[in-house]
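Shared between the two complexes below is chain A, which pairs with chain B and chain C, respectively.
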Partner chain A sequence: MTGFPNREVLLRWAPLIVLLILMLFFTALEPRFFSVRNFARIAISAAPALMVAVGVTFIILMGSIDLSMEGAVSVCAVSFAFVFLWLGGSLGGWGWLALPLTLVAGAVLGLVNGLVHVRLRIPSFMASLALGFVGTGLAMLMTGGDRIRIEDPAFRALLTTRWLDFPVMIYVAGLFLLLGWFIQSRTTLGRNLYAVGGGEDLAHGSGLNVARVRIMGFMLAGVFYAVGALMAVARIGIAETATGNGFMFTSITAVVVGGTALWGGTGGVWNTLVGVLIVSVIGNGMVVIGLPGYLQDGILGLLVIIAVVLSTDRRSVSIVK
Partner chain B sequence: MTLHQLKPHFPWITLLALVAVVGVAHPNFLLPANLISMVADIMPLFIMALGMTFAIYIGGIDLSSQSVANMTTVLATIALPGLGLGAALVCILAGLTMGAVSGFVTTRLLVPSFVSTLAVGGIAYSVAQYLSGQRALYMDVTLRDASFGWMIGSSFGIPHEIVVGAALLALTWFLQSRTVFGRALKAVGAGEPAAAASGLPVRRIKVLAFALSGMLAAIAGLLFSAKLSGGSPTLANGFLLPAIVAVLVGGTPLTGGVGGVINTLIGTLIVAVIRSSMLYFEVDATMQQMVFGIILIVAIAATIDRSKMRIVK
Partner chain C sequence: MYELTKVDKVFPGVHALKAVDFRIERGEIVGLVGENGAGKSTLMKVIYGAYQADGGTVAIDGKPVRFQSPRQAMDHGIGMVFQEQSLITNLTVMENIFLGYERQFVRFGVIDWTAMARAARQQLAKVKLDIDPATVTAKLSFAQRQLVELAKVLTLEERVEGDLVILLDEPTSVLSRTEVELLFSLVRELTSRASFIFVSHRMDEVLELSDRVYVMKDGEVVDMVPRAEARVDAIQRKMVGRDIDKQYYREQKQQPYDPDRVLVSLDRVSLPGRYSDISLDLHAGEVLCLVGTEGAGREAILRTVFGLEKPDSGTVRIKGQARRDFGARAAVEAGVGYVPRERKIEGIVGGMNVYENMTLSQMGRYSTAGILHLGKERALARDWIRRLGIKTPDVFKDCGGLSGGNQQKVVLAKWRSGGSDIILLDHPTRGLDIGAKEDVYDMVREMCADGAGILLVADTLEEAIGLSHTILVLKDGEARHLFRGAPGSKPSLFDLVHHMT
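And then the complex of A and B:
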């Protein structure tokens, strides 16, 4: 080993370096980018996406993929709105019960996803894509295409109350990120996720119930989607079928750009944090320096390809479908 | 006959059974005029599904079809005043390029096709937004009729969309069943390592398959925009799910290698009958997406070849 940074070290730090370069770049072009106000704006737009991306991180760590998040977020958002309003529409009364119930709804959606994938032996990208469509359809059916307003000041305080210039939801997101980190590195489930992603044969051979781990992974992801849904509703004050729109592209991009390999086994929630920040900084920075926002999808598309290419060990992969 | 022998016949039996059920309950459904307009309406989707067939046939997937079709509706509308019929050529080339890029990224850069096509779809979406200025655009009707009128007219009671669809079906069927390329596609779909070992240029074949998928998605978008006389970056939204459903319900499994464009024709007709039956049985339109999502899961579970997948990821 020479002192020169080798491929692995470089890959490990590349996402963070990219994030710093992007921030320098946008600050150089438009100094207003580098302000607490703007950082708060970036954080607000990043918080729901971060929760969804942390959820899908667990799945990608297993070497699977989940494309159901748009449907799952919509269903969670809409069911939250219905239950919340039915229980009185205020966090002060019984309305708070809607919060844990939404998390349960997310877990159930994840369970269905995991069962379809594992028990019917359908590749996860297709099982979850189909269930995502079902989810969006279900949300459409529940709302009949209407928007549901959530105006409870206590719930909206997630956005409106600020501590140190940042809304409360940023701190909540931070707590859930820590929870994600704890699950990933300090629990058996977390270790098992890595084991399955690192090599399913070995994991199976050493007596791990791989099917169970996979299903648990999907349930865990579902809970995080539900948290993301709650934040998305708190951010705009509306729950509708379209609440989930855009989460798939953003979260998959964020996870992959953050350095979690699509093949599983490496990366984790901190990578996802960096990835989400990269995606949000690009989105925000482009608007701040006056580029049209719609270029974002194209740039993220290119970024995703580059990230997958860089993170692929070309010697170990033979067939790609 | 065992279940295994019966399996290839499931799609058309399903189709006939569905037609019979709807026809018995609502005899109006079987009127030729009704059936013809139903088939004509599904043609843009059918053409997209034809392309999707090639991507799935080699064991991949194309999630960019909808965005490519969206992009072409905008492209066709913008290019029409300057280029006339040449606009069609521009659209076809654009689709071909997008598909080839997906294929290149998948085969050379080793990015799985569901990610590479998702990314290329994002690029197509940005291009559509840029070209359209994020607005819905309209074609000048005289210009449209002069250049694309032949696509959407009707002769002897047969709408021309059906003729376009049939011509593309004939062309893709010929490619798939009567050419060396078609044989090679089947070899790659049936078992990629074996195909590579027997000296086939697997990468080139796969790139071509994705390029075909992109091109047909573009033609679908072109026909759709001619039909609606306009274009927008979201015009073809809602095509992706039924297009995948059509391919899989028709009997081309996600694992590739069997099935083909005729299966996709049957699959598309099944989608069309289910759609109109929902109208006849007064099922709420908001149910549609959920129903198709569930059908998709059932179709995949029924057709997928599990012997090809040792580990399901």
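And then the complex of A and C:
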């Protein structure tokens, strides 16, 4: 029909192309970038962010936004540490119970977020931003500002045990990514998230309980934040208020750069995977070629604007608020 | 003084204005009437500069002009008073009056509010409105806002050399009778300052106010009548005047409905501001069409049956059961399906594919414990693609990329496959080409044969007559007349228009 690389096809693959170009670029500047060792390093830094980003992907698919991830991750990390140590501090004993409990904690935080947003009719960005701060404060209250060390070797094995040069947590992250994909494409919840994002009025007019879908979406996101929190703790071996720092910018950047539209309805977890990899490759690549860290944030910020500009058909949008 | 000669306007697929001649003299009031879609609003938009004519000439005092924007038209003395209130309600009256023209009051970069208030008071005096110009517009009544709009347009008087032409688009639709009379006497007085073009659905008002009336139909001016010769009947006949092709609407397939099975029953239902005291019965196998002008309450009644709007009084019964909890969810469960007017916005979810759209209202049936049976969904979609002849490469096609007719079929398949037997159709053929329209008519007949009841808001009066068993004519939210139309004894277009306007 139209010429081969038409706009639609190009946009669909643009994130992946950008990722490949970035990798070629850094490899050309510093051949050591292209090594299994370095890829493992990228994967480790990307895994917790990927989980958080997958969580927020579901929210953005609905056309909402969630900014509570930093607080949620901190609360989940700190509560995990407390419960884990209280249960004996070892995965071999009763400590394993702390893992599902953390996921429940994440879901509860998401539930609160969703209820505040839906029932009190507060825009999601405001509700979640506020609750994010509440979460950070809560984590601070629980720890009193202390760091909690998690030294259980079985838990740290997530990082220390390697299969085929990659730590176990990468495979766990992969499993949760598949779970996210399954929810997105094979469950009514996933379908409903797309429907609400693609046309809320129509979803309502087709008999969907939109309020329930929204709340479920926030709970789902909360569970993924909890998984992200567990990985963040496993990576450093420390749970503290600051565990959540930096996740907001990274995860939302990743979702947007990956090609999930901010107004909802299109995109998904694979886009987010590519987006997280782009962000992580830039971060890692700049360290490898020896550029200062403060440049990274600037470049990521520019990248977000470029991604949004590319994906928006500005002729069809008359007013932007 | 202001004259259009042989003006043409073409949109993709529609010839909206065909060689329209139109003129207005100094101090004259000219009426403009026509059915929905006859081209009135396009003509107005050409006059006030929102559209540019594709052919013909526009001239003021014999000099050809061409407006690129409403602002340029205003600089030539042409102003528009909009039907939908165009005032910004969170600004004050004076800010609205001088919106975009504040510069005259700026001293050293700061607005001189006292000067603006003084000037605004002067404008308000022209329309005899005695209010504080610093009032926030939201606090005014609709009638007052209408006068503020008029005052706003009249500021052109001071700004523009030469004569004014002011367009009034349905200015009376939200006014009471006394308010209408006040407005009319005001307009008559103002003819010393400006000429007026008056557009309205209310034929009696048009004849009351106008010196001459232009009648439009299908993008053409079919007649121009001076007031002395104007008669309501004759004009209404001109507005419709064409015969229906019985074949086209599949009339031979129209079967009598089942008078014993009432699917939907409204009993003295009212929703203030939208419609009042509406009673109707929709039977199995029946097409009941609501006919009326824009804003007569047709859509609001559909939305009420679907549960999107809760009436203030009266009972809505669906299959004998009185509705208590309003809400789309309950309606869907009771077997009601709604096909709204704007398919792109409300009918299908763009970005979702064919089978996803079809099962949207019935996911419970295609999932176990929240996990979808994609195979069953696709089989359903394939089945309905075949049954309705939906043109799509496969079930994975994004519905946003289908043609309007095929989108319409997907929406109908969604409701029919879910077993809905009360189908609410709002302008189901709007924007479709003739072939696709015929497909929709076939589907309507088939649904009736299956025992479904259809509540229809048709795109044209011909369509309403051709398709329906029963026609309820509405005017200003009230039921005016109920026509029964078995093939052979259908009401004429004129009958309908007569009760509508």
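The criterion applied here is as follows: the second predicted complex is superposed on the first by the 319 of 321 C-alpha atoms of A that agree within 3 Å, B and C clash if a C-alpha of one lies under 4 Å from a C-alpha of the other, contacts with A are read in each partner's own complex, and residues count from 1 in each chain.
Methods note: a contact is a pair of C-beta atoms (placed from the backbone, for glycine too) under 8 Å apart; a residue touches a chain by one contact, two chains touch by 3 or more.
Nothing here was measured: the structure is a model prediction, and the numbers come from that model.
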First, second, both or neither for A:L120, with chain B first and chain C second: first
Chain B versus chain C as contact partner of A:Y294, first or second or both or neither: first
Partner chain(s) touched by A:T266 [first = chain B, second = chain C, both, neither]: second
First (chain B), second (chain C), both or neither touched by A:G145: first
Partner chain in contact with A:F133 - chain B first, chain C second, else both or neither: first
Touching partner for A:D201 - first (chain B), second (chain C), both, neither: both
First, second, both or neither for A:I252, with chain B first and chain C second: first
First (chain B), second (chain C), both or neither touched by A:T188: second
Larger contact residue set on chain A - chain B or chain C: B
Footprint overlap on chain A, where chain B in one structure and chain C in the other make contact: 201
Contact set on chain A toward chain B in their complex: 62-65, 67, 116-118, 120-127, 129-138, 140-141, 144-145, 200-201, 249, 252, 256, 262, 264, 292, 294-302, 304-305, 308-309, 312, 314, 317-321
Interfacial residue positions of chain A with respect to chain C in the complex: 186-189, 191-192, 194-195, 198-199, 201-209, 265-266
Residue numbers on chain C that touch chain A, as the complex places them: 306, 308, 328-329, 331-333, 338, 340, 345-352, 356, 360-361, 363-364, 367, 370-372, 374, 414
Contacting residues of chain B [partner chain A, same complex]: 58-61, 63, 105-107, 109-116, 118-123, 125-127, 129-130, 134, 192-193, 241, 244, 254, 284, 286-294, 296-297, 300-301, 304, 306, 309, 311-313
